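One structure coming up, written as structure tokens, with questions to follow.
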């Protein structure tokens, strides 16, 4: 089974390092973040020979899992029913919500995501993310544009060519600090709750059980809290990244 | 052996068929081996789907009569507040009211169904029209630049060389990026305009080189004959050189245009939803990765083969004077 | 009609400098036929091309019908339409029919009406004996036929002078005659002509003068009778021995 | 006017310089207008950075002596448990121990600093080597396919045409995708191998057409002369046609290769981090969008201009026999 | 040496069928020089090209030195090296020096050692009077020089028969002589030759027989003295009138 193979050959984790602070490349080109740290722990827990972080473009991440190019996706992936038809998800290891970064001229005029639900507004998110799904679902009347990376969406909002950028709160927090001060308004109240989970190929209950067990274990022994502190409550890691 | 023997060709054609069959079977086996559940039935809906539009009562009132009329029914209503009657058409099998029923404003009476184009069709359309628009503008840019490139004026020549080298030396992705986020922001360009602009500039540089080569491939004797008849440089270009060059540049231009169709997918970086991007959007929601990619590839193949056919036809037309 | 004074044309390239036409002075009177002969590379073509400004020359003067083509005030295109030129390789326009080849410049340069240009073209094609091919493309014609079309094309501009650069040397032997016949007829009609050719028979029969060129210089300038029987220059003697 | 006048060229060159300056100023103004904070100082570290490696005690023991030696210091240690001494080299300014100090195993004694290549340099390297590898293999594929394309055997010709049309008609992205996830899975290929394979197949189809055109551009008289001397078809190809064709296909091949360098960025979809991908990764972390894109464009321009120079040099070498 | 029986060669294309060589039978004895003349398009080149298998023919037999080249057992490459061919446009290999042009086939086809091939090449280049250009590229040579190299290249294979297809018609008149001189010398040395040419002087002086072709058929086959003074066929008479 998969577990034996991981013990023998190591754990291969697919992720796209473009999702702060879940996974990101640092100055040296190494992949760091919440997920890589969890992957490290998981590899130890599963007794893997080694850990390999495979940086995969988002387009290729599901095929890579299906065709056994990696054992697990740990890339801040939101659990949706549609996706669950193709892959098996672990129990959610985190909940995030969508928030809005607003062009500063709209400060006061738009107080919540609901005010954006109007034909005259242009909103943006990243291609293929739950930000996109949420934007289309909860703000259906606004004109929607999807960008390849978050950075472009944020930049467009700063330049005032779209009115709002809809994305996960952890990312928007950092983006607002980095690019937004004085140019953006951060509506930090999440308007959705999305479970984030790890994905594995279908049909391996044993492996699924093992990773769920791992999740329970780290939540109990405090390792999870420690990492959560490091990546979500602190910004020390930004030094290493920029 | 020098005697011509009409050796039978069909064994070779047979072999070709066998090889192709072998490849097809190999591919099919491969799909079996990959642990993937094929759901082709999901694909058609992305081309066109049956949309249901709810038909609601325009006012609070009473149903006077339902006139069934085959698949559709006309529902005749009269407002409680008085005024003129209204007729609402719905599909008979979705009818939710009967004669004499009392309905309130916005109450659903039934639905009508319409065919809507799906995202793949829309993406295909965007790809085609963006490619054609930028192909056309790029042709003009290329023509002008190509002429500048061989002009005797060093300023024109220098600018043309610089433009061509700059464009050919950098990735299109970066060009679209800079064009939109930079020049586009300054000039306040719409994203479609910026996308077409960047693609035109890109394809223009390649076209310029093709046109330059085409012009230079026309024998010098042609220009000399025209000049010796008293034609000016411009007249010589228009009447003698360009028409002949056109025939020669047609195949490389067509190749370039086919490339453009595929390269145009990079405009997705500035949030234009072309064929590739709609494919990707569908994949991220449905995860029907391989089905969609195969479909997208087939659609591209379709456009490019239609173009190849067109080129073939054009070339045959032009061969008249050979 | 044509006056050439101290014409100098230098080609530079690949590190070598060629004085293709080296201080040539001569003139061609109205109605005169001058034949230029000389070994390959002696500058005959270059000399002819300087006469209608197809080559920019480095020094000297070329005066065509009173107009100095070296002067910066001269509109070269205007001069060129007065000077017809026929090339060794015909240079017909392959994308146009025979008729279009002959009418195109009339309409573009002389601004003639379509009907007028066509009438003129058909008259000339009849004259060179090829009217029945008017609607063919050049590629369907034999070399001799193509060259006759080229002559008609040049004549259609009503030139005052005709220049011929080896008009028969790309032709099969049986076709040489038909082209020479057309040229002889032109000469009889009083056309001013400068002809580069290796056809000594033509020179003897038609030319008033023969110019012998070598390494860019005109070495002899004499009537054909004199030139062919008693050339003065040793190089001309050697050349004639090779060719005849 | 037909007298050659060496008209002064410098006013035109001057104009060119003025226009370029104008463009540069325009661009600079544009950057001002875009509401963007430039942080160029962040870029160099992505090329190379100074890495600190902590030097730790290999065992529990005592520092015998520190020998300062300019920027570095040699720390001499002796183990408590007995055994031979050890010498550890650290940077003097980071020295954390003194003579006679007691240290435990793995305690940090100081650091050494090394220059490391950053992600941009690594990406550049991946781009270059993947392009060269697949360019080379593609050339071989193209040569074989090009020869098949003009062969008299219908099976070979049919296969060649099919391969060329299929590859040229579909987007490279889809090809890489299918090659890696399908064929790669079945044959169990490494991702680099699959990436190079897909790129080779892609560029091979274009190369085949270039080579076919090159071979067909060699006058038939050359083949006939060689055959009439008794050379076989293969000998004629090798000694007569291909060497001459090579000279003619060099420019389009170089153009194709330059395209390949840029197209190779698509391998990022199968988890190969090339120049474009590293650029994008850096952008997501550093937010230095424009700085990085400009740098990446410049790097591509650098590779392609070096190649153009090389082509120019090669062409001059081959011009010898003209 | 060469025997041709009922040779038939048909070209099909663009909807028209041309019988380029139409039921030709003839033979060339060892040491004989045969000149083929005829108007353009009469099938002279095609006939010559059938003799060494450069054209696949549709019917008939060509027997070279006892070997039937139409037989499927024949190795055409082996036959071809016994039959030298010289083309109208020289077809030298532009990427090789003159010396390499002459040595290449010796080494590739005859498998000679470099030194041997070089000695042979230099001897032949000396014979055709062009040894001093051995290390030049063909593009640097005049037409006459190129054609002489082409002859040396063919001779280097020690052919038993030499075929010439209008070897002088792409040359400037002064260069014709030098090429014809080489060919005359070859004939004197006893080489079997079939020559398509428009040089009637050469035919008169060297040929044992003249073949006159028209529309694919050999209409006359006579010694030159007879052919030039009293051609029997009206078409031959008309042709000679055009050309002489």
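First chain written, first letter: the chains are A, B, C, D and E, and each begins at residue 1.
Here is the rule we go by: a residue touches a chain if its C-beta (ideal position, glycine included) is under 8 Å from a C-beta of that chain, and two chains touch if they have at least 3 such contacts.
Just so it is clear, the structure is predicted and the values come from calculations on it, not from any experiment.
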(Q) According to the touch definition, list the chains common to the neighbour sets of chain B and chain E. (A) C, D
Q.
From the mean C-alpha coordinate of chain A to that of chain B, what's the distance rounded to whole Å?
A. 33
Q: State, to the nearest whole Å, the distance from the C-alpha centre of chain A to the C-alpha centre of chain C.
A: 81
**Q.** Rounded Å distance between chain D and chain E, as computed from the means of their C-alpha atoms
**A.** 54
(Q) Where in chain C do residues touch at least two different other chains? (A) none
Q: Return the residues of chain D touching two or more other chains; collapse runs of consecutive numbers into ranges.
A: 34, 177, 181-182, 185, 289
Q: Any chance you could list the residues of chain A touching two or more other chains?
A: 59, 63, 66-68, 152, 155, 159
Q.
Output every touching chain pair, sorted by label.
A. A-B, A-D, B-C, B-D, B-E, C-D, C-E, D-E
(Q) Which stretch or stretches of chain A touch chain B in the complex? (A) 58-59, 62-63, 66-68, 82-83, 85-87, 124, 127-129, 132-133, 145-148, 152, 155-156, 159, 161, 201, 203
Q: Please name which positions on chain D make contact with chain B in the complex.
A: 9, 12-13, 15-16, 19-20, 29-31, 33-34, 153-155, 158-159, 162, 165-166, 168-175, 177-178, 181-183, 185-186, 209, 255, 258, 262, 265, 276, 289-290, 293-294, 296-297, 300-301, 304-305, 308
Q | Of all residues in chain E, those that touch chain C in their complex | A | 39-40, 142-143, 169, 172-175, 177, 198, 239, 242-243
Q.
Under the stated contact criterion, what part of chain E meets chain D in this complex?
A. 52, 54, 77-78, 80-81, 83-85, 87, 89, 91-96, 104-105, 108-109, 137-139, 150, 153-154, 157
Q: Would you pull the chain D residues touching chain C in the complex into a rising list?
A: 1-5
